[in-house]
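Comments concern the structure below.
Lettered A, B, C and D in written order, each chain numbered from 1.
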Amino acid sequence: MIKVTVWNEYYHEKVDENVAKLYPCGIHNAIAEFLRQDDEVIVRTVSLDNPECGLSEDVLDDTDVLIWWSHLLHDKVPDEIAQRVKTHVLKGMGFIPLHSSHFCKPFIALMGTACTLRWRDDDRERVWCVDPGHPIANGIPEYFELEREEMYGEHFDIPAPDELIFLGWFKGGEVFRSGCTFKRGYGKIFYFQPGHEEYPTYYNEYVQKIIKNAVHWAAPQNRRKTIEAPRAISPEADLEKNNL
Amino acid sequence: MIKVTVWNEYYHEKVDENVAKLYPCGIHNAIAEFLRQDDEVIVRTVSLDNPECGLSEDVLDDTDVLIWWSHLLHDKVPDEIAQRVKTHVLKGMGFIPLHSSHFCKPFIALMGTACTLRWRDDDRERVWCVDPGHPIANGIPEYFELEREEMYGEHFDIPAPDELIFLGWFKGGEVFRSGCTFKRGYGKIFYFQPGHEEYPTYYNEYVQKIIKNAVHWAAPQNRRKTIEAPRAISPEADLEKNNL
Amino acid sequence: MIKVTVWNEYYHEKVDENVAKLYPCGIHNAIAEFLRQDDEVIVRTVSLDNPECGLSEDVLDDTDVLIWWSHLLHDKVPDEIAQRVKTHVLKGMGFIPLHSSHFCKPFIALMGTACTLRWRDDDRERVWCVDPGHPIANGIPEYFELEREEMYGEHFDIPAPDELIFLGWFKGGEVFRSGCTFKRGYGKIFYFQPGHEEYPTYYNEYVQKIIKNAVHWAAPQNRRKTIEAPRAISPEADLEKNNL
Amino acid sequence: MIKVTVWNEYYHEKVDENVAKLYPCGIHNAIAEFLRQDDEVIVRTVSLDNPECGLSEDVLDDTDVLIWWSHLLHDKVPDEIAQRVKTHVLKGMGFIPLHSSHFCKPFIALMGTACTLRWRDDDRERVWCVDPGHPIANGIPEYFELEREEMYGEHFDIPAPDELIFLGWFKGGEVFRSGCTFKRGYGKIFYFQPGHEEYPTYYNEYVQKIIKNAVHWAAPQNRRKTIEAPRAISPEADLEKNNL
């Protein structure tokens, strides 16, 4: 079983009635709902207003993959908790920041870059697959469309991704590296661009399939208990052991 | 000085009067002309109808960077000569296949994949830079436009590029990895998508700048005389030499 | 279920009694034997002396992952069959060339480089893991030792791997990129260096674990029926469909 | 001209007479000395005990490539100054952290990982080149030896490098990714492992050549004035301009 925690700042849904209509229980619960169709996944949802932002050491120790959605309240996550999330990723926890989470503290800290991008409201997007053999692209057609999505455009200031899976085309004239993987320490990261709160993106079948696939891909095989340096091998011990 | 050889199948310009008007001396000579503005570059042009396709061992030995344009006559290049070009790349010669040269024999042999792509005539392209610190992007704005260009779209069946520098956006709804680098052996390869023979692409200032930059980037520092395996180090010799 | 075909040139085991003692049924059957401990894997073995080298279209259509071992008889595989294997990889079949198979025809054709390396008989190897979070490294310690192994050393003339998982240290003074992944088309490739026929490498628990892991990693999610180019999208059709 | 600033914590040379004998004017001045043989390079040296650690905005604005050496006093560099260095890298300044600088604050912040490694005093190293066509490898043989060097071993907890150029072999049994490039924002980074303060590493001709090469490679072509996000393109403006 893969233990997934879906984190949401959970703000727009409370203060904007249009968003509330789309996601009455919050984006985190909409994501949880489709993930629960997967028998190999156990899902928990947490949000900013939980104690410790819902991201205690216990919760993270019990999380295989953390999905993250934030937009306006990035800075309400204390530095200490952002650092804690980063450390858990380096120890092996999978991490899937969605859409505007390109600017969340743990992602910026893991990337080491500014993570800036170009943006504009309300465009039409076509998501193209450029790595159709990748597990995250399993079951996804050559391209699919999002009738309305916020435009995110290049230059996206990230390190060159380890793998580039999806490219976004926007009617207004921009392109974006919309689905990217990164490995940091023992942890696997998948950034996925679609998911503006004003549009029903998380009800799109392909968006759901991609996030499901990404959960399986990001689930750790190996984890480490600490990010301390490995022990130096004593050459003398090695000499004895190996008859060097 | 960087010695550049520009190779062209030189066919459309002879049989299509519209192409002939655009490139009266052939695409190869149009490219050579703007490269000659660069004092550090010496340019020669050759084409399919030269002896040995203009690609004798002597010519290739005397070439730092080979620029290639072909479209309908890929198969007129004998396998032996395509293999010769590949070997020179592996020994260190730079290689810049342009546009429809994604299907030329040396590129396919160097990639190891099918190099297929999606295409359609007559679209509008916007070329975006996704690696603005790259030497090949020097002097190129965030994006530039080609009012008319042939659409090339994903999935482009190439290995994941070592570096992705430009992405193409097409008005009709497609995206493309338009500027990609690959290292193979000692040689540096830059594939660049714009350059359909029916449009004045090679007169665009940014296309010219990119090709000039790419020549400098692809020029070899180290070359090897053979692609034979390196000599095994004799452990005995090492023992003596290094007191292992 | 993952359908694995293990291919072996099956020569040394017939002509060298020391090798025959180590691998009385051939290296392919030694590999098959430990793979069969995995309930999710079905294994078939084939060798050079089978009709069509055991690599008919039917066999390859029915293969998810092809494991390959060859050394002295690379050239006995006809070009047509090597090309067939390559095409199946590009369509999605996983491919795991072992040890001296760095010089087998399908691997060279997929890499596009010379695939040369430095070598020497009879050394001691220590295999280090540099990507401990990778699925292929699952269950593998920081390093493990092979008391006797043939030395393979750099420079290994391959494209930069998509992922570098293992590095080999040799007592005589060399290093090697011993475990590398590549994606080509829809297919996943894992090259793994250990496995000289004169040593009991394939009985090492970690070597077995790595090959088992690699089979799961290389098994295709998506396959394509052809490596033909994708259909051009008609902009008119798109206009109708999408109200562009 | 390439403006190089060499930064050193400058501590061991003051408190350890053996180090002082090797590097009487400090490691930074030893590096500056051989760089000054290059007519295209202007060198300045600074150290921790300068005002603002020698790393004022003015100095960094006037620096094309920053070379960094620190070991015991990483934490004496204030967070604000480390952040300043990182920002300048993201804007385009080249950055070459040497040896124990794998643990300096700007490198850790740029990598986003723990940057831990395995280490041991006093071993013999052989540095192998695995990317002989790279500009940083220009003039470097297949391998070279450092009779005495501190052992740095895997697992080195860094993101997968954009390019891997050198691998270190250590007599005691370890390997290391000793020469790695990374691009972050507009800046180019080259981490190079050799250079323990107790050994005459920086007098080795190949070490000197590699650092000289790296200065040329890391010098920026494009720089940006800010790491702010790019301006959103107004679709209306585009409509007018481009007749979309």
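Following the convention adopted for this analysis, contacts are C-beta pairs under 8 Å (C-beta built on N, C-alpha and C of every residue); 3 or more make two chains touch, one makes a residue touch a chain.
Computed from a predicted model, the values in this text were never measured in an experiment.
Taking all residue numbers at the subunit A/subunit D interface, are over half used by both copies (same) or under half (different)?
Counting shared over all numbers used gives more than one half: same.
Measuring between Cα centroids, what's the chain most distant from subunit A?
Taking each chain's C-alpha mean as its centre, the farthest from subunit A is B.
Averaging only over C-alpha atoms, locate the centres of subunit B and subunit D and give their separation in whole Å.
One centre to the other, that is 32 Å.
How many angstrom lie between the CA centroids of subunit A and subunit B, rounded to a whole number?
36
Which positions in subunit A touch two or more other chains at once?
131-132, 142, 153, 155, 160, 162-163, 173-174, 183, 185, 230, 242, 244 - these are the residues of subunit A that touch more than one other chain.
Can you check the complex and tell me which residues of subunit C touch subunit D?
It comes out as residues 126, 128-132, 142, 153-156, 160, 163-164, 167-170, 173-175, 177.
Can you list the subunit A residues touching subunit C in their complex?
92, 131-135, 137-139, 142, 145, 162-163, 171, 183, 185-188, 220-222, 224, 230, 242, 244
Which of the residues in subunit D come into contact with subunit A in the complex?
Subunit D reaches subunit A through residues 86, 90, 109-114, 116-120, 123, 151, 153, 155, 157, 159-160, 162, 172-174, 182-185, 227-235, 238, 242, 244.
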